[in-house]
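The first chain written gets the first letter, and so on, giving A, B and C; residue counts start at 1 in each chain.
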Amino acid sequence: MDAASLRFADVTRRFGRLRVLRGVSADVGSGEALLVTGHNGSGKSTLLRCLAGLLAPDAGTIEYHEGGRALEVAERRRRVGLVAPDLAFYGELTVAENLEFFARLRRVDVRRGLDLLGRLGLPSDQLVGALSSGMRQRLRWAFALLHRPRLLLLDEPFQNLDAAGESATRALLAEHLNRAGGLAVIANPFDLELDRVAGRLHLGG
Amino acid sequence: MKTILAWLLWLWMCLVLYGAFLYARPAMGFAAGQSSRIVFFHVPMAWVSMIAFLAAAVWSARYLLGGRRAEHDRAAAVAIQLGLLFGVLATVTGAMWARIEWGAFWNWDPRQTSITLSLLFYAAYLALRSAVEDAETRGRLSAVYALLGVVITPFLYFIVPRITFSLHPEPLVNADGKIDMDSEMRQVLFASFLGFTALFFWMHNLQCRLQALADRKSAHFYE
Amino acid sequence: MWRDASTWAAEAAAVFAKDWRCEFRTRYALNTLALFAFTTLVVVSVSLGPLGVSAAKGTPVLPTLLWLILLFAAAAGLPRSFVHEEETQTATALRLAATPSALFCGKLLYCLTLVAALEVLITPVYLAMMSLEVHSPWLLVGTLAAGGYGLAAGSTLIAAMIAQARGKGTLFAVLAFPVLLPLLLLAVELTRHAVSGEPAGMALTQILLYDGTVTVAALMLFPVVWNP
């Protein structure tokens, strides 16, 4: 299993006058999870978006290595799996159609999507617009794991999930870290009980 | 050093004015001969406006390829603002001359058309900037639009005039064409061109510095 | 390399298919385009006919009016291709999953088919209502194709830009019209030639040049527009 690693140093980001991230640094290796906590507005989501390549930091560096080489931002963006509260899908299409579309984009076998549907207990023929918030959250997990990413970026990953949903997703996360040697950066307002938490980062003053 | 250069520029422009009104003789074959002196201002300003837009494209490319530095974005935006200023002045002086020479302020003749469409394009650039709040997105989108301008402008200056000419083949079409210029006129025109170009870069430098100060001032951060 | 090309094309096709699938379920863009175009058509016809502009005076202007209708309908209906993605926040998922160039081509194809549908719908009705006889119908078809392509290509790029700004509706028109104006003039000229039966001349080469230039520029600039 080739190693993957994430390292970011002095990441800074502001929005207009508001300085949201002030020089944040950490290291994450294969099979490790970094837990990022902080109050609302402390920059957790911003950090994750920077790591995902959706936002460019104003200062600092983000280095992600996979298979022995460093990935550029554009590659990193396509390689990560992101679960975030503002991730939305096509309401006019069914769950299966959405996953099928993203599987095509990601050049991944469509059956992988159906497989995840089953594991997460998602109704394949329901329109996404009619999903409950818990089901939507499960769909976000399916989207994130579709292409078997090595780096999972999870922003409030268990939000809105019921007991079944949370146990299914926790199982998937454990698989990702243990069997697949993947990394994860998990942001949550409060502490989460997780195995293999190798590091903690607390944002905000 | 800068002050000396600024004073030199002032002196140069005074010489240009002297040359335009006293040194050069009015061109032959124009209705009101003295009115031809407007060429010493109208033409250089039109040219400088084009140089300004080209410079903006260069700065936009530097912004995109050279690390997204705010100073490049600022330089591009200021260049376009000045390009619009010079362009509008060129259009107005052109219209004034057209009125004197050919009796009408506006004729949609090829050159008037081209410059107007070009100005519309770059005015849209400013509209785009004011519609984007995030500095990074604003810089990125404006840079793209400025570069798009480089692609579109040749169409505005070469293809559109051909069409408007063929759509309005009236004998009244103004050929803003070759003026018989004697050597004195050429000297003054060239001097004026140099002067206006220098003026553009001087104004650009000033405005960029002002803008940088304003940006720094408004950038006090909340913690 | 060929495998990559085929999967790239598959990506673009997936985007195209997804857009049309969504469109068929809501029919929003088609309705907007059709309604807007027909309303404008009626306005034009009424202002030339019952309000008393004679046929002789009206005819030279008819090609222009046709293209104005197409331009304004496009401005009403095409930007949605990107604006909708940003407004419903599906753009984030697209940014993570799609290759920018494939995404652009998929969206361009979608806008192209919308424009083609619009032209097929409007042109015959326009010709009939204005009693306009076209002496070179093939030239007209070619003009609609080349002009429609330019309209779609320019609009798709500008749509991607304004989707990230405020004031999206009016801002689109402000940004797109200067860009599309050379295309408009060339298309009008060619349409006039088609109506009167004259040969196309340089304008045909020039409109194809415009189409090619805008396509290359858009493909190069889109990744910058789309990603931070």
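Just so it is clear, a residue touches a chain if its C-beta (ideal position, glycine included) is under 8 Å from a C-beta of that chain, and two chains touch if they have at least 3 such contacts.
Computed from a predicted structure; not experimentally measured.
C-beta contact counts were set side by side for B-C and A-B; B-C has more.
The chain with its C-alpha centre at the largest distance from the centre of chain C is A.
Remark: the per-chain Cα centre closest to the mean position of all protein Cα atoms belongs to C. Our note on geometry: chain A versus chain C, Cα centroid distance of 38 Å, whole angstroms. Chain B and chain C have CA centres that are 31 Å apart. If you average the Cα atoms of chain A and of chain B, the two centres end up 50 Å apart. For chain B, the set of residues that touch two or more other chains comprises 133, 136. Across the assembly, chain A contributes 56 as residues in contact with two or more other chains. For chain C, the set of residues that touch two or more other chains comprises 228.
Considering their complex, residues 157, 161-162, 164-167, 171, 174-175, 177-179, 181-182, 185-186, 189, 202-203, 206, 210, 213-214, 217, 221, 224-225, 228 of chain C touch chain B. Chain B meets chain C in the complex at residues 64, 117, 120-121, 124, 127-128, 131-133, 136-137, 140-141, 143-145, 147-148, 151-152, 155-156, 159-160, 162-164, 166-167. Listing the residues of chain C that touch chain A in their complex gives 7, 10-11, 14-15, 17-18, 21-22, 25-26, 88-90, 92-99, 102, 223, 227-228. Listed in rising order, the residues of chain B touching chain A in the complex are 68, 133-136, 218-223. The touching residues of chain A, counted against chain B in their complex, run 14-19, 56, 205.
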